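Labels run A, B and C following the written order; every chain starts at residue 1.
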């Protein structure tokens, strides 16, 4: 399997980050492929009828990043619902009116997505054909008159740095980060032992990845289960505080010891 | 079959310009009314049909560029590299090109996937750019295609975007 | 009265060239013999007679320039702004200004694109100049900004270049 990356390099056997999941650009892409594969008319096929096959394909996708899995499964659940409704016309789910679940809505999205795919293909074709235009960089001015804008120069430098940075980002294939729950648990235990308490937000940091957030959360559950910490939240959606559990003198809260 | 003097003036000015020139500035420089300029530009565009050059425009800014058919020779001379865009970025680019100006959330609604990365890539290649803010909650950024986009795809203007046959009734019925 | 394809190729290449192009290079780029090129050049020169452009040559190096009659409009346009530098040239200038002395290859490594033309433009406007050679393989030319650069941007010295806040790790991680 070969993928052409944005920077023009070919990556063998590696998928571009965040973009492609097992060859599909997303849930709609998979659905569209099913429709096309079975040579169904996008305008008249009952989308719910594809639910079984869609789910089967999702199952076969194997390892899905959590965020993508959610999107695929969301669509799968919609398809199942459509299917169920067609089998049991009396089935009237509560408050579905303004949700994005109607067959028509889904069909319209699918059709638009099909158009997007075609347009992307046509644009890609043009790009491959390489028939681009060039403007003229040159000029006829010999001596620079005064009045150059130093801010523009600084802005250009900043832009170059950003581009250089982004190019580097694309060059480097970042290995998937690995946080073990064990390791994170130990870290949190140390923080709590040292500081007494810490907020959930602090533990997550400014820009946590999904994996990091999940591992942190699981670690907290584990610590809570093992009676190492107390969790406290004063109001709904409020700050979650993690506190070191007071060690009781008798130790009777530690079963098994 | 001589050309009009106005067309030649316009050509000379556009030739030395290193960036697209707004029509109003062009009219002022060559000394004519916007309407006269319009016919001069049309004359130039027609004359270029048989040449190695083209007249390109966007947002009523004009520039002379090379004809797309000549790209391979120009690339050879300039040592220019071929631009490559991943399929995912191409999809995002297609959505932006045909629906601009458009917010990221709107692009994502159409593609059904997160488009952070592809928008970032397209921005850093200058194929798309910010086009102000949408006056809705959160004032999200609007994106549109750039001058470079036209050049890279050899389009004289956005009107030349390839049309794709779709059941238009259905597509246009989508919520904007 | 269509033009030959060869004339159009030649036109496109000369259009993007910022410096006079030797005939031998031109022939190589457009893929023809020197004799064929000669007739293509003659064809172009004739076509330009009625246009705002002219074909100019010296020492068998060729260049498209604006027609002398158009000089007043061209200078009106060029004088309208102050310093005219394309965004691409400005980027190259920024790299040279902030990282001087620097070789062309180093500038290209930072910008990620071929910088031949922009360096030529900046040299011909005397915004950058040669600063000796780097003592590495091939002894490549080092570039730095000129006195005119300072004057043009109203800087008393290079210390006055606006500081740009960047994540230091990124800057220092750039290829040297």
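Just so it is clear, a contact is a pair of C-beta atoms (placed from the backbone, for glycine too) under 8 Å apart; a residue touches a chain by one contact, two chains touch by 3 or more.
Note that this is a predicted model, so its numbers are computed, not measured.
Nearest to the common centre of all protein CA atoms is the CA centroid of chain B. Comparing the CA-atom centres of all chains against that of chain A, the greatest distance is found for C. Averaged Cα coordinates give chain A a centre that lies 43 Å from the centre of chain C.
Centre-to-centre spacing of chain A and chain B amounts to 31 Å, using the average Cα coordinate of each chain. Remark: chain B and chain C have CA centroids separated by 23 Å (rounded to whole angstrom). For chain B, residues touching at least two other chains, in rising order: 15-16, 18, 64, 66-67, 69, 74, 78, 80-81. Within chain A, residues 134-140, 163, 167 each touch two or more of the remaining chains. Within the complex formed with chain B, the chain C residues making contact are 1-3, 7-13, 15-17, 21, 29-31, 47, 50-53, 64, 66-67, 69-70, 73-74, 76-78, 80, 84-87, 89, 113-114, 116-117. Touching chain B in their complex are the following residues of chain A: 3-8, 16-20, 25-29, 43, 67-68, 71, 75, 107-109, 111-124, 126-127, 130-140, 162-163, 166-167, 170. Looking at the complex, you find that chain C touches chain A at residues 12, 15-19, 65-66, 74, 78, 82-91, 93-95, 97-98, 110-112, 117-118, 121, 124-127, 148-149, 151-155, 160-164, 166, 170-171, 173-174.
Looking at the complex, you find that chain A touches chain C at residues 134-154, 156-161, 163-165, 167-168.
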